[in-house]
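Inspection log for the structure reproduced underneath, given as structure tokens.
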Amino acid sequence: MCGVFGIFGHSEAANLTYLGLHALQHRGQESAGIVTSDGDQLYAHRGMGHVIDVFPTDQIDKLKGNIAIGHVRYSTAGGSLLKNAQPLAVDYARGSIAVAHNGNLTNAEALREKLEERGSIFQSLSDTEVIVHLVAISTQRAVEDRVADALTLVQGAYSLVCLTEQSLIAVRDPHGIRPLCIGVLRTDPACYVIASEASCFELIDAKFVRDVEPGEMVIVDRRGIRSSHPFTHARPRLCIFEFVYFARPDSVIDGVSVYEARKNLGRRLADEHPVDADVVIAVPDSGVPATIGYAERSKLPFEVGLVRSHYVGRTFIEPQQSIRHFGVKLKLAPVAAVLEGKRVVVVDDSIVRGTTSRKIVKMLRAAGAREVHMRISSPPNQWPCYYGIDTPTRSELIASSHNLAEINQYITSDTLQYLSLDGMVNAIVKTTGGGSNGSSHRHLTTLNEPVPALTTESFCHACWSGDYPIEFIPHPRHRQMRLLDT
Amino acid sequence: MCGVFGIFGHSEAANLTYLGLHALQHRGQESAGIVTSDGDQLYAHRGMGHVIDVFPTDQIDKLKGNIAIGHVRYSTAGGSLLKNAQPLAVDYARGSIAVAHNGNLTNAEALREKLEERGSIFQSLSDTEVIVHLVAISTQRAVEDRVADALTLVQGAYSLVCLTEQSLIAVRDPHGIRPLCIGVLRTDPACYVIASEASCFELIDAKFVRDVEPGEMVIVDRRGIRSSHPFTHARPRLCIFEFVYFARPDSVIDGVSVYEARKNLGRRLADEHPVDADVVIAVPDSGVPATIGYAERSKLPFEVGLVRSHYVGRTFIEPQQSIRHFGVKLKLAPVAAVLEGKRVVVVDDSIVRGTTSRKIVKMLRAAGAREVHMRISSPPNQWPCYYGIDTPTRSELIASSHNLAEINQYITSDTLQYLSLDGMVNAIVKTTGGGSNGSSHRHLTTLNEPVPALTTESFCHACWSGDYPIEFIPHPRHRQMRLLDT
Amino acid sequence: MCGVFGIFGHSEAANLTYLGLHALQHRGQESAGIVTSDGDQLYAHRGMGHVIDVFPTDQIDKLKGNIAIGHVRYSTAGGSLLKNAQPLAVDYARGSIAVAHNGNLTNAEALREKLEERGSIFQSLSDTEVIVHLVAISTQRAVEDRVADALTLVQGAYSLVCLTEQSLIAVRDPHGIRPLCIGVLRTDPACYVIASEASCFELIDAKFVRDVEPGEMVIVDRRGIRSSHPFTHARPRLCIFEFVYFARPDSVIDGVSVYEARKNLGRRLADEHPVDADVVIAVPDSGVPATIGYAERSKLPFEVGLVRSHYVGRTFIEPQQSIRHFGVKLKLAPVAAVLEGKRVVVVDDSIVRGTTSRKIVKMLRAAGAREVHMRISSPPNQWPCYYGIDTPTRSELIASSHNLAEINQYITSDTLQYLSLDGMVNAIVKTTGGGSNGSSHRHLTTLNEPVPALTTESFCHACWSGDYPIEFIPHPRHRQMRLLDT
Amino acid sequence: MCGVFGIFGHSEAANLTYLGLHALQHRGQESAGIVTSDGDQLYAHRGMGHVIDVFPTDQIDKLKGNIAIGHVRYSTAGGSLLKNAQPLAVDYARGSIAVAHNGNLTNAEALREKLEERGSIFQSLSDTEVIVHLVAISTQRAVEDRVADALTLVQGAYSLVCLTEQSLIAVRDPHGIRPLCIGVLRTDPACYVIASEASCFELIDAKFVRDVEPGEMVIVDRRGIRSSHPFTHARPRLCIFEFVYFARPDSVIDGVSVYEARKNLGRRLADEHPVDADVVIAVPDSGVPATIGYAERSKLPFEVGLVRSHYVGRTFIEPQQSIRHFGVKLKLAPVAAVLEGKRVVVVDDSIVRGTTSRKIVKMLRAAGAREVHMRISSPPNQWPCYYGIDTPTRSELIASSHNLAEINQYITSDTLQYLSLDGMVNAIVKTTGGGSNGSSHRHLTTLNEPVPALTTESFCHACWSGDYPIEFIPHPRHRQMRLLDT
């Protein structure tokens, strides 16, 4: 999972990108990068770690120019490599280009093989390097046409921002699997911004304009902003997991408020799986809105039964010998005053391996809970994601090999219930409005018609259903990169 | 504000102290330190920063022995000095001693002058160095008697843990201003722990035994645990601010659950200051329990109207020139879907300077709130704390120079109301029980009788009332230390 | 200027490369890198700074395998960029390849343009990336043939080591401008090493075998070591500056001992430019051997008149306001006992801008020297190097715009004299033998015939004579990379 | 071993102290510290590591005021502890005082016990903390009298600089074991500096005035500079090891040029122990002047047979498994061209354990030397130093348990000879003059009479002779500090 950001036409482009990435930090904490252009030349800085660590003040000052793109990246299985940090920036025959990418290509391996056969060299494992090679060998003249040309060869999920010496280009794949949206500075209506989520606009005093449409390319340059649809039309298939877990609750994606969607998931969960209990608590923080919805519908009191620590670092020392396995205790602590002697409903957004849920149930019981009823605001997670979310392999997903009773037994809850697939999709679809994001749709109809409302057909829910919208055929030569940076 | 921890009789004493400090991190993020003893010798490590940064694995391995104390420290006005990091550890005639201190002495300056007159030298500004000098010059023989002897000369607030080569000593001042409590490992009933708050026990698999009583000294050594009351009796005056803001919600202090206390503050606030509105939201995270109480009593829906960022660092770069003053936006973001068109009650625990509240109100309105009603779960904060909380000077406290109407106007809320002093005290007193902490009181009656229940007379509320339980007379020679480490 | 190292067939390949780079550190302190192969996969680590800082123990442990190459790099005008750190390692159609390069290509710009035209992308400014692209597009099958194929297109100076999954390849350009030599471990006669200078062999307990010949390619793989000459023969033109200044005095290059060569330069300088004086001193450390030669021939006593500091770091703080311009004083200090009242000859290897020489002369006079006679063991430096030494531009070279009298006046010496071009060349040619390096020539005649002895025609001395052996035509499109990492 | 520096009356006092410490860095690389005064308050910064690492620019800016002292410290057996970093700075009844100390007290343990008995606490193992306690309990009024009072109780070697709010005080112990001298800025004749060695004056543009006399106290304050001799007179016993090895060759100590002294040691060594050989080489760098003297007297050619690396760091990685024991090879490399087939005399200043000498002899033979004759410019080192040099214990000194033949056999030299004790002392005594340092003696006779010339009785040579000028009786309670910082 990753987050992307772009801005055109501001004297503090790098600074605003820095702030934008900070607000998108939940989409990736492994590495961060910014590339800017002063009209003639690109300036790049990338590093491992959080945005605030990668960019000390003096680094931002070196990133000159009025155009910028940025990227935050999630830790992937392949390990932490600086050279995989984005945006990727290169020189080619027509100038320089930098690309920041959220998503995953399903035919990257085949494309890479073809590119290598014609003599291309690869310095990373990243799909983004495939895209840049395709841009470089395009026979088109204008850079936006080269980008479009390159992307017609590509399959999979991508929300991209590209930077050239004099333009900013944003593209969302034809299925619109990953979100991408357009904003504009309140203080400067000529200064457009592009971001993975609208929740980052508030910090830089920008307002939401509209989502980039599936299959749309948006170009911003000195002539202003314009849009095209260079790809074959495809059915939109927005990733539902963005609503269930990944996106920030204050974001609105394709017209749907993430916060309201989560509350509706909780309400629906209460409808499908009520329980006779004393109190409803959340696994914080992502489970809170669904829990509020569950509490409202079930008329049970909402309480804070688990407190989340603000101080959990990435490098916490594993204790040795006699004390072990406290795992989730570093992050969560039970509130005995809420739990003691109570029948507790605990709402979480998903169960992956089951180990964390098991620890939570045990922790709640140790703090005095009389009964523990686990309720999950999405269906059993059985399939890996090929479109950009870094999920475990199938064999690690507990629901791919265990049924409901077995999982309930493993996590030691009194009862366990998941939201149904239909229930989930319908809860999202019926979430209307979405706060102020929706209200400015009409401000920029010059750009485009409003995005059509989502229907039950509009989603990718492959990780629950196995219904993959884009085929992923592992290439016969499929392999790890032969070159490993340490 | 600081947090202290101690443990006696565990082969991984340093490791458990490290975990304990992690769970007490909310009481101080500026510096951290651990001192251990292997029976003959003390081992110390202290550093600036968070616990996880100060203690890489190899440092913990160097801290040998079965006894340990630790300390986390809050940033004070005097600046960030490594040499003020605690525990302070010294050699003196009878051996070595290390002390970790939460609180503030009111006669430190006068004691320091007297000590200097007899030839003592001071290497820091810390009150703790005064205590250690007094221990060193005591004419008593046993170390616990020396500590008691030293503390009879001292006035003010202190919750201390001391480490010698072969014992652990915990002391709470006669007024019991700062909390301190005793636990025992579930896996080893002979292994006692001492901590500022019981909320850290869960992480190390310990259970609460009871609070250290005001004026009590607890000694743990090879002979076991024993208790004495070496000081003149005084009226208990527990700091209410621990309940309002400072302590973790999963702690129970002197028999009162912090979480329940906060909910009661919110209920009482709803009773005293109801408002006709659509939704109640909290300023996260400390305001959440009071908000739940307010929502419950007022029968208004509780919603997450402000999202808190997990990624705010201490060293965030201030942007320049055109963008400024986004301040609180780095930490909080509004959820438009909750706020748009609504009459909003927002509950916070206190107003200090008023600048943050003002930004929050403006942020809520910008996100679409139709009305904003600020409700504070404590009275107007008008007086500085002399007992260990690092508050601004009187002139910086908005309530010391402005009345309710003026503050309301400044923060631009539609209405503003504070909880009354009586309301606050009574809400705390009537909070009974407190989760599992209370239930093990009887397990160790050998130690002592149960602590008598708190009454309305049992608190220090000087920061609201100006009613200081211990006189603080600024010394005529009162000064900054003449020596400043950089 | 750079240093390269390679080793084939040792279980501690990375460790030995680390030591080898340490011994080559004088050839480049800006960045360091190592790439290893375990037979299937390459492992890379590169970083900014000295070898000991770039490679903590745990990094070396991650570099698995029995084959390794390494690189140290000098600071170039383009600034300090991590992505320019070598070896460069890439994946291409036939597998992976890593290249470490000492030298400079004269037609890189033109080749780069052609490569971009066919669709190649560039991620750095380094010539090495050009070489790797040419290897990738070669139509040859075997990797050594691809490398040879690539290098036939290349002009300029290069001493390369290349690493593939299963082989080590070393190449020296047809003119042999930069040195490169072969060694073998004393403890394992099947383990060959390649290095820029033989002086690094001692540290890893290897012995010198012979120099790689100009235009020779040496391949080491499981079948053993073999050699070819794939390029058109050219007249050898070894860089004289290696003898004058750059190489370590304990190196032997193409049969000539650097130490003896420098002593001969000093002797010849004394013949050409004697002076009536009391004492001869060196500008340490590079000037010492020439000074010993000058003292021997002139029969004047050699003394240590300038002491060099071991503690000069790269980041020394510039003092402000009242104290300034102490520059060279941080590095050199005069020994008054040697200088006071004396007529002093001071021998240095070259004058670049003249500012350092001026400070040295003033320092010697301030310490009591009665007369200061500057003697330079090479001719006036008037031309930039296009073959890999990072020299200032012509306009910065004092000798390109000032005559002898003017320079003498500027540096405030009593007299100033340079060694003649003929004198320099002849002094090198007549240096015979060269320590133990020469003696093992015959050990590996299976590899090749001994290198023919150097003659007066065998050198590149363009920086003094302007006689460039390879044309360097700045390309019309010649430019800075448009992409700048910060 | 340590170095101290002080300056009074300069607006860039911290900056000049920083430069002074840099020039004294050879006296201690473990830690560095500076304390300044602005007339009212002291400012301190200390850290582990080299001067340039401990003091980034912004740290120096924080050290305000016109008076400063500084300290560099050598690694001692007790390990590397930040809290032992000097200067030590404390508050006491009369104000603040900071002390930087070079030397070692012989009765520190007994004094410490007495101080603890009266109630003093100790935060470090350093002798300096004993001195500061004694100053604090002195009944004298003026700070210089308190310092003098404190030092009358102290035995051992000390060269001190002390800083108070308004004065700089320098003291040298009655035996004058460690050097200490006075300088004055060339640009400001009212600005006095104090330093361990005059060699640091050049860098800050100061000139030597004279040595501080044994037993002299020099006070610099607003009234100017003045001197007193508060202690009982004792026979001067300057440490000879300063001339043999420790001091910089460009220093002049008590009227003797270190460089000339070393040359005379070499000449005398040639007289006592001639050898029929082809070439004389030094173990660089400290052995070079003696080697030049040996070569001059023996009429053998001086050559650079061993090259010293500039890049040896403190943290060099120990290689594993198959390669080991290269030790000294990281630092020294042989020049085969100089050694091959030759009978070599190698001159070093001392042999401690013998392991380094053994490696050097083997390295020279491996590089082709036909014979290796080791000559040492001091007698066999048999006794530990109790006065401030961090020597190994007696059992580790090879000469304390092996005779000449045995050592020669161990280090595998053809012959080995040491300079005699008489020869060493006489060589130093007969070294007259000493460069410009001597010439300004008369400039400040207002300060004091010239120091009388050194005689053969003027030295401490206990490490060779066992003739200790001050008794060191290990205290019965002698112990490690019970408190260990990690």
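Annotations
Per-chain residue numbering starts at 1, and chain names A, B, C and D are given in the order in which the chains are listed.
The working rule: a contact is a pair of C-beta atoms (placed from the backbone, for glycine too) under 8 Å apart; a residue touches a chain by one contact, two chains touch by 3 or more.
All values derive from a computational prediction rather than experimental measurement.
Seen from the C-alpha centroid of subunit B, the farthest chain centroid is that of C. One simple way to say how far apart two chains are is to compare their mean CA positions; for subunit A and subunit C this gives 49 Å. Our note on geometry: subunit A versus subunit D, Cα centroid distance of 62 Å, whole angstroms. Centres computed as Cα averages put subunit C at a distance of 37 Å from subunit D.
For subunit A, no residue reaches two or more other chains under the stated contact definition. Across the assembly, chains come into contact as A-B, A-C, B-D, C-D. Residue ranges of subunit B in contact with subunit D, taken from their complex: 40-45, 59, 62-63, 82, 89-93, 95-96, 98, 113, 116-123, 132-133, 136-137, 165, 480-486.
For subunit B in complex with subunit A, the touching residues are 10-12, 15-16, 18-19, 22-23, 25-26, 29, 50-53, 55-57, 60, 187, 199, 202-205, 248-250, 252, 257, 259-260, 285, 288-289, 292, 296, 301-304, 307-311, 313, 315-317, 319-323, 326, 329-330, 333-340, 363, 366-368, 433-437.
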